[in-house]
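Just passing along the structure, written as structure tokens.
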């Protein structure tokens, strides 16, 4: 019998990717697609690429009913809004995967300080698992409540994990400079996503104060075994999909490129979705667009003693919906790659 | 046992889409990928999105050997170059699907006039079938030699077919105004595909003399039952994938939108890959990008007595590689949608 | 003494282009920039490219005061809103150039039918002049009230004018297929201008019912000396600036390309802003972006008996603000090119 | 009498910008435009935006004749090729501004090591002046030979200059992460500038080994008064024009944002082309595109003790042709802003 899935916030970009991926997933059945803006419309009026693939209507949210119909609930909502969903899901004994920020933090103070709201169910933070399978696979497998990582954090953490795990870099020197396509800002309207403002433009935003910073620091700190403070700068790039992160850190001692690559090879040998590219090829967003892969390559710069890691993901897939499905697969003991084992589109 | 596939010209964009689609096709096995430019390189160095999916090396072409290894050969080559491939394939009793122009014409003179070269195997034109399944499904099923349609013709012909088949428009009034993404020009280098020349630019080219014109006229003429001469203007749009055609024709007599839509509904009722969109939604390239669909909508303009048909395809899929695989499925009596039954990516 | 200029709706894209052009115009002085959304903000906070060039604040509209301060008023407003401005300007004996649709029509019924509102000052339509200098230069020179043309009409009318003036084409066969960049939709927010919806997408809209249709027909009809009905289809292209129109018409009798080009040469010999490109070069939007030029080239297709005219403009300049300044120059007996005699930017 | 200008390499993007800017410069006259690829063609066939503005033909290079005709020569050539031009120009007592790398380095060894060629006229390096007016205005004014800065160096150096000049940051901690539009790669053809490869893609290149690195280090070192080694990573962004650099450095001691901004205000108070944006506005490439400005904003991150400087330029103007004209103005004692005092285009 197929897993019954309810999606809350199905008409945002991350939600629509969930719908697309799950509509082709061999073990799931979409039972409820809710939306704040399009209640009553057929889903494919809102997303015409799915015409003939998804024949459901968008519904307005009736939380208890939705949770009762579904086995697993995904939510792609603004922060704060997933907390009642988690409560209801757990009350009814269902699984919940949150694509927002409400369940990513171990420490409510950090969440409250960066998101400027009170966390109204801090007791749930303890059972919530940070849904980065490459770091927390076992815990995810037995979790009922997963906080799916942010898009930027996914790219930065996967880029640095091997170095920090082995204690190879000076943790106080980490600079993460990330560049994102526009779909990461969601389908909501603002001058910042107006085509004519974004096209032929490149800009930084939220310098030194983006909310993904503490999330990155939390997980990097776990890997490093010590608390970390990093510089993180997000940028907006005139493209739809993709994040490329360029991460800088000082090596504690001299290492050759071969030595560093061999650390990455060992670390990611069994990870289907992380690809250490062969020597001579650097990650680029186009090579992962449409797929659940994270491409990673470390470069050693002997002049500066720094390692520069380049990592690339599709922000809507490995950075959101694809990773959420990967987590669901783990939670249901399905093959981790189910529904996700396709390469992307190029060009 | 899987169908053994050889691809000649595998490192162009259409060739690479064939590789991508067929590497995930349940009934095919890639046995040979040849290329003029990258002999000896691993395929995924040339197309890194396929890293871990395609582990073959690009080979230089040894035609008899390639044909001997394969059951079916696809070629994505400049015109003229597919003729010896066809000859060798037929000599060895293999099937051949040509993505170029060498086997699209019933009449060698038309080919020679527009392509400015002699057709060196005109006798093959008789057994070659024009590979538009929605028009020639039965012939394709029993063919050994298929001329896969051009990208522009696919969009224009599918847009007009219902009207011409029923004799509803004045054949002398057809104007087809088409807009293509840049991948249609291939991966070869020219100033015309330089990013800075294309980006923030829109232009027409080959006005009144594009080589797809006679191909469109040939097939429209078959549908209309009379020879046709049309105006066709291709344009270059700053995007990677997609063709949108806007086709104008005078209705022979007044018809309501409902009447015209009902003609289209009947005509395409059983065509999986042609989607007549619901009232109120117009085709757009983004809704078909990454899929083998052709989205079609006719609009009736009572002021002018014209019907305006909008049709959209992904030029590399329904306009090239996807349609070629659809043809292969027919030739092998496989389900026509095998390997092609996925929606595209949005946004 | 400099001409004092007031701009109503200065923070839309067309308004901001007016500000940019007029801030460098040797004979004008900006005295009032009004806006609905940014009252009190400094203009260069809203448009940072003008930092150090424009130091004024945006004001909320106080119509009588603004008109009293200014010699000439420009308005870039939604239709309907310019009527009270015209009334006040004329009452105070000032000049008014409207970039919207309220004063483009000779016939109030046409306006009311296509714009679905009553025209509350139809008596002004008689003294309003349609501000296409290449057609109505003399009338503009002595006008106090100018209806600046729409962007699409500018490109289509300038493309066809020589043919219609000389009665060379069958007026019932005109098809105008136009493609616009996104700035034409203005700076307002809607899903239709969201970057991720527009980028990598091409689509038609308002097929057979765009409001620029009757405007084009009115002016083409004047040129042809008979009433005209045309097919006009606008499309949205993923770029910021530019309109390219491809216009089709049947020649009444056979003409060579040379004959047709010579008609255009004669017609536009003294027009600084219309460039008939040399043989072998087709118009493209990039060649006019940033300038007030309209590039035009006719192509004769002997197979179909049609002439295909390609014309290109920058929609915000020759299609809006630049043309408005050209009109102002005429109204003040200044050199027509003042402030506008610069080429655009390429690439 | 006007200054006679010869341009070598006039048909590349930087060369064509020189032609555009100088064709409107009140004190210059273009006497010779040479090119390797288009000899004999009229310039506006190669760059149609300049039709009616530049009526000269492209010539093949005859170096002594060109130098003899001109008062000042600009060259936009691959490295190594400007050396004979400099020699001939100086021999004939003319001025020479090189847009390439041949005269940017004080030290021939650095040049030879990074550019992998011998410098065949090292004696000229002593009289060559690094053409960044904001740093070397006086020397430029009296120079005959100017090495115009690279595009990346311009953005990085102007971003950091105030901090280094005042010794406020730890020189060993500088990380410069730069993002460029595609025109920076020139008009030459390669797969790396193919539209379909660049569009919807973001990538790093030459990590740790880009040739602008030693140029940046040389000039930063002069400002700091000590030799510097930095991490510099260039990236390719899917846009035509613009460079945005994000530069990180550790403050030697705590400073407030106000303190740091006040250092920048003092430093750039009299610089027309460097704009310290008001609080709350960050640089973006669109705000400088089409202009000779460099927009700069420092951000203080008290959590990390780093200052993050964002700077933006138009790579073809302040990063190439505009800066070269600024240098020429200085060398001829003209107002530094002549021909360059216009804002850019937005959007």
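Letters A, B, C and D mark the chains in the order given here, with residues in each chain numbered from 1 onward.
We adopt the following convention: a contact is a pair of C-beta atoms (placed from the backbone, for glycine too) under 8 Å apart; a residue touches a chain by one contact, two chains touch by 3 or more.
Keep in mind it's a predicted model, so treat the numbers as computed, not measured.
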**Complete:** By label, the chains that touch subunit B as well as subunit C are A, D
**Request:** Go through A-D and A-C and name the pair with more C-beta contacts between its chains.
**Result:** A-D
**Message:** Using mean CA coordinates as chain centres, what's the gap between subunit A and subunit B in Å?
**Reply:** 36
**Request:** Could you give the separation in Å between the centres of subunit A and subunit C, each centre being the mean of its C-alpha atoms?
**Result:** 46
**Asked** What whole-Å value do you get for the distance between subunit A and subunit D if each is reduced to the mean of its CA atoms?
**Response** 38
**Per-residue overlap in subunit B, given as positions that touch at least 2 other chains** = 13, 181, 183, 196-197, 199-200, 238-241, 284, 286, 289, 347
**Item:** subunit B - residues contacting subunit D, complex
**Value:** 13, 181-183, 187, 189-191, 193-200, 238-240
**Prompt:** In the complex formed with subunit B, which residues of subunit C make contact?
**Reply:** 173, 175, 177, 179, 181, 196-197, 199-205, 207-208, 229-231, 233, 235, 237-242, 244, 246, 248, 282-286, 289, 299-301, 303-304, 306, 308, 310, 312, 347
**Message:** Please output the residues of subunit B touching subunit A within their complex, sorted ascending.
**Reply:** 13, 16, 20, 23-24, 45, 47-53, 183, 199-200, 240-241, 275, 277-278, 280-281, 284, 286-291, 295, 342-347
